[in-house]
Structure formats: C-alpha cells, structure tokens
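To keep things clear, I will list the structure first and then write my remarks on it.
Naming follows writing order (A, B, C and D), and every chain is counted from residue 1.
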Amino acid sequence: MIYTYLGPAGTFTESALLQIPGAADAERVPATSVNDALERVRDGAADAAMVPIENSVEGGVSATLDAIATGGALQIVAEALVPITFDLVVREGIESPAQIRIVATHGHAWAQCRGWSELNMPEAEFIPAASTAAGALAVLDPESGVDAGICSPLVAQEQPVTVLRRGVEDNTGAVTRFVLVRRPGSLPAPSGRDKTTVVIPLPEDRPGGLMEILEQFAARGVNLSRIESRPTGAGLGNYFFSVDTHGHIDEARMADALAGLHRISPDLRFLGSYPAAGEALIDVPSPARHNTDEAFAAAHEWIESLRRGG
Amino acid sequence: MIYTYLGPAGTFTESALLQIPGAADAERVPATSVNDALERVRDGAADAAMVPIENSVEGGVSATLDAIATGGALQIVAEALVPITFDLVVREGIESPAQIRIVATHGHAWAQCRGWSELNMPEAEFIPAASTAAGALAVLDPESGVDAGICSPLVAQEQPVTVLRRGVEDNTGAVTRFVLVRRPGSLPAPSGRDKTTVVIPLPEDRPGGLMEILEQFAARGVNLSRIESRPTGAGLGNYFFSVDTHGHIDEARMADALAGLHRISPDLRFLGSYPAAGEALIDVPSPARHNTDEAFAAAHEWIESLRRGG
Amino acid sequence: MIYTYLGPAGTFTESALLQIPGAADAERVPATSVNDALERVRDGAADAAMVPIENSVEGGVSATLDAIATGGALQIVAEALVPITFDLVVREGIESPAQIRIVATHGHAWAQCRGWSELNMPEAEFIPAASTAAGALAVLDPESGVDAGICSPLVAQEQPVTVLRRGVEDNTGAVTRFVLVRRPGSLPAPSGRDKTTVVIPLPEDRPGGLMEILEQFAARGVNLSRIESRPTGAGLGNYFFSVDTHGHIDEARMADALAGLHRISPDLRFLGSYPAAGEALIDVPSPARHNTDEAFAAAHEWIESLRRGG
Amino acid sequence: MIYTYLGPAGTFTESALLQIPGAADAERVPATSVNDALERVRDGAADAAMVPIENSVEGGVSATLDAIATGGALQIVAEALVPITFDLVVREGIESPAQIRIVATHGHAWAQCRGWSELNMPEAEFIPAASTAAGALAVLDPESGVDAGICSPLVAQEQPVTVLRRGVEDNTGAVTRFVLVRRPGSLPAPSGRDKTTVVIPLPEDRPGGLMEILEQFAARGVNLSRIESRPTGAGLGNYFFSVDTHGHIDEARMADALAGLHRISPDLRFLGSYPAAGEALIDVPSPARHNTDEAFAAAHEWIESLRRGG
C-alpha cells in the first residue's frame, strides 16, 4: 500500500494521513500539490491520497474541490479532522519567547501565528523557510542564527527539537478536514455514522435549480453538512455544487435522493460514502419513521403488489 | 358478466354504463343506492358497478367517495362522462309547451328544469313521480291526466314517447363523471391517457400534512385533476383526501409518487389506474425529460452500479 | 338586535345561537334554509344569522360553504360548537323503551338514532314528523297515539315532556360547528385565540395551484384547521377552497399570508377573523420567533431604513 | 472624488474603474489589497473603491466576498465587467513570437498565457516581474535583456510599447466582474435592469436553512444570478451565503423577499441595489403578474381595507 499526500512531510496533511489505520507503517510519498497527489492515484503510482478539503477559517479548499470534481473518477473512502495548532520550538539556550530575535517558518504558519508573535516575541524577525519542518530544523544548526521555529506538533514530535510553547496560533479551535481518496472500487460498508459526498452541476441556468437540488435531499430527510459553490469555468453564473450529506448510499433514503438528483442533473458525480470522523462534532438525528429503510421497503413492496394486481 | 348501477333504469348512471363496451348486451341490475351497488360487487352478486363520482355543479358525490374509501377493497377500471340534459316528452295532442297543464317527473329532474318550465309552460303543475321513466310513461296512459314528462334522453329513446323539446335543463353544460368499479384484480394496461385514483388520510393533524402530500405528486411532475376533502368521521379536523391524477401506476413517476405517499401515509388506498374518458376535456402535457420512465430507469441503474462499487 | 338561524325552533342551530351572549333575550327568527337565513341578513331583515358550517360526521355543510362563498359579502363574527346528542321523550305511562310502539320524530333524527332504536325498542314503528319538536309535542296529545319522540336536549328542556333516556344517538361524540354571520363591518378584536376564514378560488387549472396557496400559509407559520374543496359550478375540475386558519388578520403573519394569497388569487374572499370556540378542542402553538408581529415590524423598519439610504 | 482600486496601475481593476463615468478624470489611487482598498473607503481616505468580486474561471473572489461581508458597512453602487485578455508587447526588432528568448510578466499573467506561450514562443524563458506593467516597461530598457512582456490591453495602450499579438491568453472568453463600493448612503435609482446583493448567514446549523433562504426569493419570483458559500470562521459547517439577485429594493417583490429574509436571518447584510452591467449577458424576464408592484400594492390596500372593517 502506497500513500501520497499534500506535502511536504510534517504538515497537517501528513498528520491526517497518520490517523488512517496502517498508514504509519506504510510508504508515504509527499506530493507537491493537490493535483499532483490525485494524479498519482489516478495513474496508479499511489494507492490513495490524503488531501485537505475544508478549512474552518478559509472554507472549502478550492484546489481539492475542483480537482476531484473533474478528471478521472475518484472515490473518497475516509475522512480525518486535524486541529490546526502550532508549536514554538527553540534552539538550546532560549528560555523565554522574549529572547527570540530570529524565527524561521513557512509563510502560511507565520500568517497564522503573527498576532501571538507580535505580543510575545516583539523583537523577533521572521525569516521565511521552505516548510515549517525546515524552519524547525534550522534551530538545530548553530550556524543558522535561527533562534526559533514555528511548526506543527507532528514536526515538533518527530524532530529532536525543544518545544518552548504549544498552541501559539492566533485562531484557536481551527480545524481542517481531510479526505482519503482512491480509485473507484468497492464502498466502505455502512458504519451507522457515514457521509456521502457528491458534485452536482446546476441543471440549467434557471432560478430554481439549486432549490430543486436541495429538495431532493430535504424530501427524504437527508441532512447536509457542507455545501460549496464552485464555478464550472464555463462563464459567470455557471456553477457546480460540492455537497456533503449525512448517510450512506446503501441506505434507502440516500439512494432515493441520489436517484432523484440523477434525474434532474444526470452529470452529477458520486464521490463516495465513508465513515464520518470526529464523533463529538456531529450530531446526526435518526431518520423519521417515513424515511427509514423499512418504510422504503414497505412502500416498494406495496407498489409491486399493486402492479401485480392487488 | 353482471353489471349493477345506481338505479332506477333510465338514469344517467345507466347511460354511463351503456358507454362500456359489452354492457348493452349484458345483464344490468339497478341498485337502490351507491352503497347497495358497491355491496353487490363486494359480495359477488355483480361483477362491476357503475356509480357517479363527480358532478360539475355539486362537486364530488359524497356517498361514492366515502363508500369506496372504506369497507372492502374495490378498484376503478373505467370512467365515463355523461352530459346532464333533459327531454320534455308529451302525450298525443300536445304541440306546444304552453298547452301543458300537468307535468310528471322525479323531484331531482324537476329541480334542474324549474326555470325553463316556469318560463315556457307557466300553467304546468308538477306531480312527483317515482322516477323520470315513470313520469315519462304516464303520458302514455290516457287515464293519468299527465300531459308531459321530463326525462333523460335515454328514457326518451327507449320508451315509445314523443319528444317535444330537448335540453330543457336550466344549467346547460353540466356533466357528471361516473366510475366503473370491480373487485381488485389485474389492472387495465396503460393507454397513454390514464388516470389514477387514490384515497389519502392526512398523516397527522399537523399544519403541513396536505402540502407534504401534494409535494409527492409535484416532485415527480404528476398532475392532479381532482382533489376532494372528506371527513373521516373521527371528529372535526380529521380528513382524508380523494385525489385523481393523470398517469398510470405502471409509469415510473406515478409509482415513485405513490411510494412516497405510502411512506408518509401508509394507510392510503389505491383505487386503480384506468383509461381517461372525454378526450376533449383533458390536456395532459408530456412529462418533463427528468420524469420519464427512461430517466427513472437510468437513475436506478446508476445507483445500482454505484452500490456494486463503480 | 334580530337573529335568524336555520330552523325550525329547537334544532341544534338554535342551541348554537343561544351560546351567543344576549341571543337568549333577543328576537330569534327561524329560517327555512341556510340560503333563506343568509338572505335575511343580506337584505337587512335580520342582523345576524347562525348557520351550520362543519359536521364531524358529514364534513363541510355544502349549502353554507357555497352560500357564503358567493352572493353579497358577509362576515363571520363568532363560532359555536354543539354536541349532536338526542333525548328520548315519552308520554305518561311509558317506563321502558321496550314498551314503545310508535315513535315520532324528524327523518334526520331517526336516521341518527336507528341503531339504538332497533336494539332498545324493537317493536317501535317510526312516524315522520315535520320537526323533532313536533314529534316531541305529539306525545303530549293523547289522541295522537304517539308513545315517544326523539329530539334535541333543547326541545326536551323547553317543552313539558318527560325524558326517558338521554344520548340515544348511534354516533356518540359527534359535534357540529356553527358560525354567526353578519353584514361586513368592524372586525372582532383579536382575542389571542382566533380563527380566520377565507374562500380561495384556484388561480388557474394548473397542477401546482393548491400547493402555491398552501405555501402562502406555511411560509408564515399559519396553521390550517379546516380545508374543503367545492366546485365553482363552472365545470369539472374548477374548484374553490374554503379554509379556516388559526390567527387574526390584525396579526402580521396572517395579514402577510392573506396579502400573498391576494396576489396569486385576487378574487379570494375574506370571511372574517373571530374568536375560536371550544377551548379544549384546539391547541395552537405560539408562532415561531420569525413569524411574530415583532419580527415583521423589525423587518419592515429595516427595509424602510435601507430604502431611505441606510 | 477620490477613487481607489486593487492595484497596481494597469490591472484589469483599473480598466473596470475607467468604465465608471468621470473616473478617467478623477484621482485614482491603487491599493495593495482588497482589504486595503475597502479600508480607505471606510476611513474616508477614498470615496469609492473598485474591487473584483467574481471571476468566470476561479469563481467568487474570496477576499472581496469576505471583506465586504464583515467590518464597517459598505454599499455597492455599480458593477463593471472586464474581459480578461492579454497582449504580447515586444522590444524593437522582434517581429515574431518565435524570436523571443526572455519574457517578463507577473506570475498570474504567465499562468494564464502559458499554453499559448509554449506553443508560440517555445524558446522563451519566463522572468517574474512585480506587475504586468513592470514587465511591459522592461522591454523599453535596452539593458534589461527582456524581449517581451505580457500585459493587459490597458497597460499596452498607456505605455509606449509595441503590441505584437493580442489575446494570447489560454482561456478566451474569461470575464471578471468588479463592483464599485462606497460608504452607505442614498441608493442608485431603479434603472429597470438592476441587481441587489446581500450577505445571508445561515440562520442555524439545520438541514433546511439554505432552502428556506432560497424560498424567500422563489416565492416572489426573484431570480438569483450568483450564489457563493463562505465560511464564517466560526467552525466547520458555519456558512454565510453571498447572493446576487435581479431587481431593486425599491421594487415591491424585492423588498418583500428581503423582509422575509430579515425575519429568518436578522443579521443579513444588504450590500446595495445598482444597475446591472453587461446588457448582452443577462436576460431578465419580466415578473409574473402576481409579483408586480401593482399586485403588491393591490394586496396591501385590500388588507388595509379589511382591517378597517370592509
């Protein structure tokens, strides 16, 4: 089993991948972009790719949403949630943030820890590093002049560095959602707490299009946990919607809702049914009696008996 | 084949029955009430019953709506439309309505021709007869003293009476709709211009109940041609709805709508799919592309292929 | 103040009228039909008319529904609920139902007590009377040969007759709803537990017409307590809907719903906002926060401030 | 009048600004970011800012959508559409793309012309410039070694450079939509072809929230031309929707829809009603009869007359 992921090593994406059973001992190949990761899966160079799909601060990760919505078919088989939190690691001899003069990290990490840094290490000058791991490693090199790095807990744990402070990010509580993507194949069995992801082109450029789509879910009591609009690239006003719902395609109400969607938007793309991560984060009510598998089966049998002639 | 119908002989119900191929040569037994006619079918004394179901002036025929909604299951296999029009028949020697002194007919017929009568035969006195046929026959009996009768065209045609005027009813254009009812059995094959009748109890005494029901039809592009509310007898505010729709249960959109109804109101009663009468009266649009049998079949196959694993 | 009501005296309609404060001491004129009663109000011969509108067994009273839906405008100002129950009154000397040989009452009353009668006074022969009061009075006339009458509790109480049994109706628990109708004028003030009645012609003969109507109520959280379809008389498939809702036109959500209805069906007829009767029978939830008068007022002010330019 | 815009000078944003009557002769101050531009308006340093809001390839411009959805209130008063097309400008002596060895432009422009470049000037090496204008100017400097620049038509026209080819972008037909933003004040008068932009937080994290929002528009026949979901930053699954609709708040159906939205999502933000740009691009149907100002006015008057007592 070969895994790829949005690199470099030590990012939150690798943390997400390590939540997958078996991934810690498998081959893990960093990719340079989401597209790169997905192409490796499509062409068989990797068996599965972990990529970010949704960020509690920035919203849907457009690169991922677009890359799995087009091109060769792919299938989401798992999801993972990773809290976005940063550690401050320091060279030997630094005992307080106020002593730090030079801090090295990736620009993205710096942007997310700037407020804390200005408050706690006002003298520190920021030096951009190729990755947060590279910044962290610089503190081990006496010649670098670097006093501190800001990196993910994974990097801090894997490298022989000293953590001075944990949680130095400005926006505490941020979470990124990642999905594990494979070539289409058999679906994960229903777990009772599943998500189903679909990509739905607006049937036409008409007013009620989106409402018709939402009604397919609402009419069967299928809840949405995420909806993102993305341009199709065919001109202003042309959208597709990327939607996460609670439920599994093996459940009758989900299958019925997807069948309804297929009728009004036949080019929709099914991206998988898979176990939901983050038990505490979602509270999925049981379906109403009339949306249970039993109700669907009873209705189906009734129709069949009528068609046979009572 | 034994037919029964809401009697007495010569009524519009018998006219409706005579529209059914073969009925003219079959045994036709008049019944004293709608309930009586339906019970004869239920207990096997007759094979089919013709009963009125909808009147363009008075609306749904409550006795029929209620009688087929409860009790032993029955199935509508045909419908017939009969224009409600009356003939004035007279004894020998009467050449103008103004000469008429005594007119005999059933009270119902008199009520529907009163305006015309007051205008055209102001001297005429009304004598109630047991049926319009009895009134018409009285003009043949010199001892009766009856100058004229008011009866249906069927009576006028079957008896040796002279028609002085046709169409003496006050409300021209009135039409009554009749249905032919049998014990449940094989369904008439789809004709391309069918109706389906169902009886739907309101799922609960809640605000949106009726709207949920209507949405099941609307979501599949199934048109309603009649909807009647009737009390269930269980107290104020408890209703069932008697609904006619365009389409046949063998069509996917109708089956899907009925299945949806079964889920939210499992006690609904299917009363049959049968060819629509009165070609000129209805204009049924073709279903939208996404509601055709083909769209349903394609959606079903797509779901099955996804469940099998792409 | 002159009241009229569907007579004759002693019927349940008069019982309903007597629930109206002041009616017991006012002039009460029985009318021969619902139409007669309403015409007396329209032409000024009476100030108000009490008529039945809904029956828990038979459903909407078509004569009333049709008569207030057309013709000169009228307004409902009150409603009353009357349990439909019958008393058995007997001549002197009768001590048990089994002794009764001849019972006199109106055909309607007999129809509703037939089961009880066959069981409890199997020897009794039914003689039709012009009214239940006439039947009851016959037991006071030794020459009539009548042993018993079946009448409403009001008749039994007002006449010097002996009640042998109470509640001899077959269908216990039946209730009829009556409305008090006046010429249009000022509305009863909101009581907090009101009903509003409207008559809504289906905007066109199109599939979604009824659903559009219901959505106007649903969108503002206005609950329906009764909906009846009635033919307009213009041909099969032409309906109007007679609808009772919970709320008063002085409440913003009701006014907004009615304004929405007026846009899609401008010929709708407002039949009044009036206090609901029968406290125990209805359970009206408070409107959701976004449907309160406050929410409407806040929204209105917001729009006005935007239009003025922020 | 002082205008600011997303700089640097010569970008498509300045082209958009120059479409505004009077802007060509007014002071135009480039800003370094969308936030910078909007802050200049908020704090009074500029009177209006032109910023990109929607891109036919990349979709909504997140920075703009987020920046006008929060912070001090702002108002859109105009929109502009600019085709995204690039010119190839060259130093003296270059007569064919194939001769070009070094091309200087901004990375964004290079990304959008890469396909054309690889095909038409396969020998060319890309050198990043601070802006497309800087790249274009480099060809005027004999010491720079730069053979060609890729820039917007505006830059090509304003600088003394030679255009060798027009339209060298890979994705022809791309259009970006820009909006002109001011501090809240009086609204542009209705032009008959207007747009209204609002920002609507999902009322709660519940299934039907988005559908309820869309129904407010649909129920009044208000068409949507753009809908974008954006995270609120408060955690996964918390969204607001940025919506463009056809119509003006001075029109009754728009005011009624916005009032409905205000009731279910009181924190929505009105971002203005303004004339639509790009006549050929939109085809707005006339409102249905029941959604016209006249229908709303008639409904309002009817309600008022009823409340006054008929």
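As a convention for this text, a contact is a pair of C-beta atoms (placed from the backbone, for glycine too) under 8 Å apart; a residue touches a chain by one contact, two chains touch by 3 or more.
For reference, the UniProt names are A, B, C, D = Prephenate dehydratase.
Being a predicted model, the structure only gives us computed values, none of them experimental.
Engineer: Looking only at residue numbers at the chain C/chain D interface, is the share used by both copies over half or under half? Answer same or different.
Structural biologist: same
Engineer: Centroid from C-alpha atoms only, then distance chain C to chain D, rounded to Å. What do you get?
Structural biologist: 60
Engineer: When the C-alpha atoms of chain B and chain C are each averaged to a single point, how far apart are the two points in Å?
Structural biologist: Centres of chain B and chain C (C-alpha means) sit 29 Å apart.
Engineer: Provide the list of chain C residues touching at least two other chains, using ranges where the numbers run on.
Structural biologist: 215
Engineer: Considering every pair of chains, which are in touch?
Structural biologist: Listed by label, chains in contact pair as A-B, A-D, B-C, C-D.
Engineer: Sort out for me which residues of chain D touch chain A in the complex.
Structural biologist: 54-60, 62, 81, 171, 173, 175, 177, 207-208, 210-211, 214-215, 217-218, 222-231, 233-239, 281
Engineer: Looking at the complex, which residues from chain A come into contact with chain B?
Structural biologist: Within the complex, chain A touches chain B at residues 73, 75, 184-187, 215, 219, 249-250, 255, 258-260, 262-264, 266, 270, 290-291, 295-296, 298-300, 302-303, 306-307, 309-310.
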